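In the two complexes that follow, chain A is the common piece, with chain B as its partner first and chain C second.
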Partner chain A sequence: MDRNKLYPWYFTSGALIIFFLLCFLPGIIGILYSFTDWNNFTDQINFIGIKNYLEVFQGKPEYRMYIWNTVVFTTITTIMKTIVGLILALLLTQKVIKLKNFHRMIIFSPQVMSYLVVGLVFKSMLHPQTGFLNGFLNSIGLDFLAMNWLTDLKWVFPTVMSVDTWKGMGYIMVVIIAGLMSISPDYYEAANIDGANFWEKFRLITLPLLKPIIINVTILNVTYGFRVFDMIYSLTNGGPGNATGVINTAVYKEFSKGNYAMGTTLSSILFFVLLFLLYFIIKSMENKEVEM
Partner chain B sequence: MRKRLIKLLSALCVTVMAGGVLVGCTGNSSSTSNDSKSSSGEKVTLTFGSHQSGLPTSGVVQELAKQFETETGIKIDFQISPDAQWRDLLKVKLDSGEAPDIFCADADPLNLVTRVNPEKYVLDVSKEEWVKRMDPNVIPSISYKDKVYGITFPGKKMYFYIYNKEIFQKLGLKVPTTYEEFKNVCQKIKDSGVTPIFEGTQNGWHQVLPLFETGAMYQQKHPDLYNKLNKNEIDLDSVPKLGTIISQLKEFATLGFYGDSYLSNSVENAKEAMAKEKAAMFISEAAWRNEVKGDFPDFDTNKLGIFVMPWGDNQAIGVNPASNAYFINKNGKHSAEALKFFEFLAKPENLKKRLDGQPGLSEICWPEIQSKYSKEDQAYIDSMQKGMVMQAGVKYIDSQWMDIGKDLEAMYTGSSTPQDVLKTIMNRRTEQAKLQKDPDWNK
Partner chain C sequence: MSSLKKLVGTITVNIVALLTSLIVLIPLVVLFLNSFKTQGESNKMSLSLPKEWIFANYKTVIEQGKLVSSFFNSLLYATCSVLIITTVVAAAAFVIARNRKGINNIIYYFIISGIAIPINNVALMEVLKALHLVNTRIGIILIYAAINIPLSLFLSYGFISTIPREIDEAAVIDGCGPVKLFVKIILPLLKPIIATLFVLNFMAVWNDFTMPLYYLNNSAKWPMTLAVYNFFGAYENSWNLVSADIMLTLLPVLVVFILGQKYIVGGVAAGSVKG
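Presenting the complex of A and B:
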């Protein structure tokens, strides 16, 4: 290796300084603040150890519920988005379907809409009396299916997760389509000669070759799911009561109460959980690459 | 030599680039105004942030702003947020230095500091001429440590049940004065196919009114109650009627007196429900009837009467001297222009315009302008006992108002009990007091 051909180290210094000052440092300071009693009402900041963390895990049960809700939301939306995205991608790569790009565009379009807009539109569509959904169900004689979608404890969380899946599935579909296109048709031809049916081809060719894509999609969905805020804020504002509150709505609530330290504690917990999960997801991806 | 020059140049470029980005990031973020030509006094655009209930729905403030623009050339850009989000949003905006030039906030003598932290964020207007013309009773609501920080217009607030007299007459009902009577009245109305009470929990605040607007009754039963609560000598569980009222609210929801979709309804829909006679009662201020008239001119608002909330057998009117007020962002670029707008709003002719242009308002807190209570209302109000509402007299209640709204929502859906609600309110008071290092809580 010709060392003179390498760019000198300080070429990266600009990016490093910016990254350090704007991303790394605030992150570390944020985590440090979670060990203090930093709040809006006094300029004095005192070190209080892990009291805030104890409060989250042993104090008010609300906090644990927010963490549990976040985990449930992430798990279910990740599974639903991946399955629905995969099914749509498989459908929209079949030869029999006409106007494929048009369909893809329609299904992808919710992705470009703002979360707030989607939230507000669905809020009005799901109103039990004046909303479109119940109106439609009533008009076709399915009154018994008309629910209080956003205020009934049984339905509110599934509803929020469905709306989120509706918005996010198009993006996942597009990513998986790109993966499907990159699989060589030779495999399928050979399988056809061997007399494989659709299910066998899917299980033995498509799925194994899509694995890296699905892992990437999972990382995207998991990181999004844990950080979810806008969708829940605009649809239910964490309600009814605190039934749909997640970590980030709680962080927002704590900041607005002026209890900054608790806000940073909750976001630090989110950060550590994400770091932990991502480490294992990426680790499993690396193994796959080695095998190949 | 050339190599060294290139090295030097590239190092310089990197530094300049990094510096440039940082300078870009550290620009004065507190300014949210759209126009930079402020120094010449021309083409300034002031941003005005408010919640829905902060600005009259009739648009009178916007009209006055247009007039102000014609006179001075200063434009006002209104940014309106939903009620349920404004308190949190405003605080986050203030703390992050992104608050608008003028902002509206609910103001009362106890909570101004938690809501807008006036010393840090709000322009001191104590020396302005118009401050002396406001009703002295409202000054504590917009003051902190003897300095006045805002301007306010609405007069003292009193909430009643607005009821449809015709429906009552048809069913042979009398105005209820006790809880039992109230329950019977509601049952009969429900049996006739009309929703007895319109409730909308989506705004977050309306459902909380019965708990604390009845403060006058609590005081009658416990002398010196507010003082003792503020000194942490007793807590809210020493006010048994408060717990009773929370349980009564739950009972009403269970009995179906709020209708089926009260958890999805907004307060804004109340006018339609009352005008179309789908609902028979709604908690509001007396002058709200004029707003109904404005939106539904064919509906005869004389059909609507008022009575005191009979929760917990209450028969006293709760008076709230506090209301929303407008404040100037001290750290904004255009505080001088914003002050000019306040002067404009405080001119007697504009005050009159404001009262006339806001049908939902009975009086403004500027004694020079006469109130518009009807004779019948005035006689009813005069005949009842009055006292200060709890949120204006007891610390750490108003600051958790929206949270209590959510607690009640949780109670209605069955995920908590009335006892849980009371306990949560008490815990939150303690939490807030400790956070603010209140000496009475840290003895």
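Presenting the complex of A and C:
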């Protein structure tokens, strides 16, 4: 039987053409344009070499701030989501918990809401005067804890990252629960006979066997973190000032100002970073088929 | 003594679980209650019940917020792009899973690399201009199809690999060509993965906000996310109306979530859902 005849290549052409035209091509064109002074104010486009990249890395400090913020956001949210997700997964697989599935469903549910809506929900909840959180803190006598959550420079970035964790932790929890379920109970029985306590079982059985899953969720969180846009745009729009601006909010800002070349340069930097990580991402995804 | 200790432990972990669920639920309950209050009452957000339940808030929001037209826009974008995705992805995944050699292997890695690689939105605008798709419904539908193809292909590839090849061979002996084999024999076997693709992609498109922000500047074509964002900006002092608007936007996804729970969690376990 001729495989090429029975499974003709043109079956892939639909997916290939759409993906090529609207995902790959813009990436390549974008890189080419990042070496020009392309903008909305003149039709003329001049080649200017790596000047845009120099501007990002040596010019106005706000660009380096965007990159730094993106890295901080990615690192902190990845750590927070993994730790909180792991704790919740361990908690909601304990036999003594009542209504396990109900809790799991509730904690997972923010995952299905759009980032924009979650952003708006918290923008109203965290409003300094009318918001729920400060009202609640005042009513129980903890006035000193009430903050300008989204406008105070000291608090705004931790707040944004906490909201992101609120939304993302349930998803990580579900993935880790799936991993926990696949660990054979025999290991724990053997450990019980040897008199191991909870910590020892966690450290010596659970954690090593969960390693592939933890690597997977880490990679997932990292790729999300680098590309974050909706959440920050709707919560703070990068403000106050540029305090919470990340690469993708900066791209939109440059785009709406008409500085297309700068927008596409920042976008291309993100492209290179994720291209560099791509090998690890694909490798971890392909392992998952076996692991889960 | 040890049984008392155990009891305390049981109660503690249950309280922790309950508190975590409450942290997730409270914002939604507050918004729900707020959406029925008067404007004055809603200015102080709290868990107290409305003094008087004002259902008219919802009517105001539907009229002022362009929610009906944006609801149908969202529905159109999500349905059409999901149909395109499932069709092209099922066909591609079938051929790649059955014959992953040479060019097919390259095509596979080429497409799934899109799971991680970000879209260059500025340059995509140029491509859309060249194709005359800027500010059109077809344009936005095709963009949604394009950005969701990679993950869908990855998930379907894994699924089709589990279907035995003997089925194909039997079909060929019975005189099936490639198209007939795919449409008549394989496609019916793909129902579970198609359901997963449908739910995951529907929600991804329904929830997206970035693409219309860049590529749709005509408010008649806005999906619900963009409509609610603009409503929020215009009515920032009427928290009752804003709450009602958010509630109405959440409703469709919550319904899909409750109906399609099995497929969502299945999709999460099978591969990875984008955050």
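Rule of thumb we're sticking to: the second predicted complex is superposed on the first by the 254 of 292 C-alpha atoms of A that agree within 3 Å, B and C clash if a C-alpha of one lies under 4 Å from a C-alpha of the other, contacts with A are read in each partner's own complex, and residues count from 1 in each chain.
Heads up, the rule we're going with is that a residue touches a chain if its C-beta (ideal position, glycine included) is under 8 Å from a C-beta of that chain, and two chains touch if they have at least 3 such contacts.
These figures come from a predicted structure and were not determined experimentally.
Chemist: Contacts for A:205 in the overlay, against chain B (first) and chain C (second): which applies, first, second, both or neither?
Modeler: neither
Chemist: Touch check for A:22: first (chain B), second (chain C), both, or neither?
Modeler: Both partners, chain B and chain C.
Chemist: Going by the touch definition up top, name the partner, chain B or chain C, that contacts more of chain A.
Modeler: Between chain B and chain C, C touches the greater number of residues in chain A.
Chemist: Mind working out whether A:128 is in touch with chain B, chain C, both or neither, as first, second, both or neither?
Modeler: The first partner, chain B, only.
Chemist: Could you tell me if A:41 is touching chain B, chain C, both of them or neither one (first, second, both, neither)?
Modeler: A:41 contacts chain B only, not chain C.
Chemist: In the overlay, answer first, second, both or neither for which of chain B and chain C A:14 touches.
Modeler: both
Chemist: Looking at the overlay, does A:153 come into contact with chain B only (first), chain C only (second), both, or neither?
Modeler: After superposition on chain A, A:153 lies in contact with chain B alone.
Chemist: Considering only touches as defined above, state whether A:76 meets chain B (first), chain C (second), both or neither.
Modeler: neither
Chemist: On the A-aligned overlay, A:255 touches which partner chain: chain B = first, chain C = second, or both, or neither?
Modeler: A:255: touches chain B and chain C.
Chemist: Tell me which partner A:237 touches in the superposition: chain B (first), chain C (second), both or neither.
Modeler: After superposition on chain A, A:237 lies in contact with chain B alone.
Chemist: Counting contacts the way the document defines them, which residues of chain A are shared by the two interfaces, the one with chain B and the one with chain C?
Modeler: 8, 11, 14, 18, 21-22, 127, 252, 255.
Chemist: In their shared complex, at which residues does chain C touch chain A?
Modeler: Going by the criterion above, the answer is residues 9-10, 13-14, 16-18, 20-21, 23-28, 30-31, 43-47, 84, 87-89, 91-92, 94-96, 98-99, 101, 103-104, 107, 109-127, 131, 142-143, 145-147, 149-150, 153-154, 158, 168-169, 172, 178, 181-182, 203, 206-210, 213-214, 225, 228-229, 232, 239, 242-243, 246, 249-250, 253-254, 256-257, 261, 264-265, 268-275.
Chemist: State the interface residues of chain B toward chain A in the complex, per the touch definition above.
Modeler: Touch list, chain B to chain A: 7, 10-11, 14-15, 17-18, 21-22, 25, 84-85, 87-89, 91-92, 95, 113-114, 117, 201, 204, 260-261, 263-264, 406-407, 409-416, 427, 432, 435-437.
Chemist: In their complex, what parts of chain A are in touch with chain C?
Modeler: Within the complex, chain A contacts chain C at residues 1, 3-9, 11-12, 14-16, 18-19, 21-27, 29-31, 33, 88, 91-92, 94, 96-98, 102-103, 105-117, 120-125, 127, 130-132, 135-136, 139, 166, 168, 170-171, 174-175, 178, 216, 220-221, 223-224, 226-227, 229-230, 233-234, 248, 251-252, 254-255, 260, 263-264, 267-268, 270-271, 274-275, 277-278, 281-282, 285, 288-289, 292.
Chemist: State the interface residues of chain A toward chain B in the complex, per the touch definition above.
Modeler: Of all residues in chain A, those touching chain B are 8, 10-11, 13-14, 17-18, 21-22, 39-42, 60, 127-129, 148, 150-153, 237-243, 252-253, 255-259.
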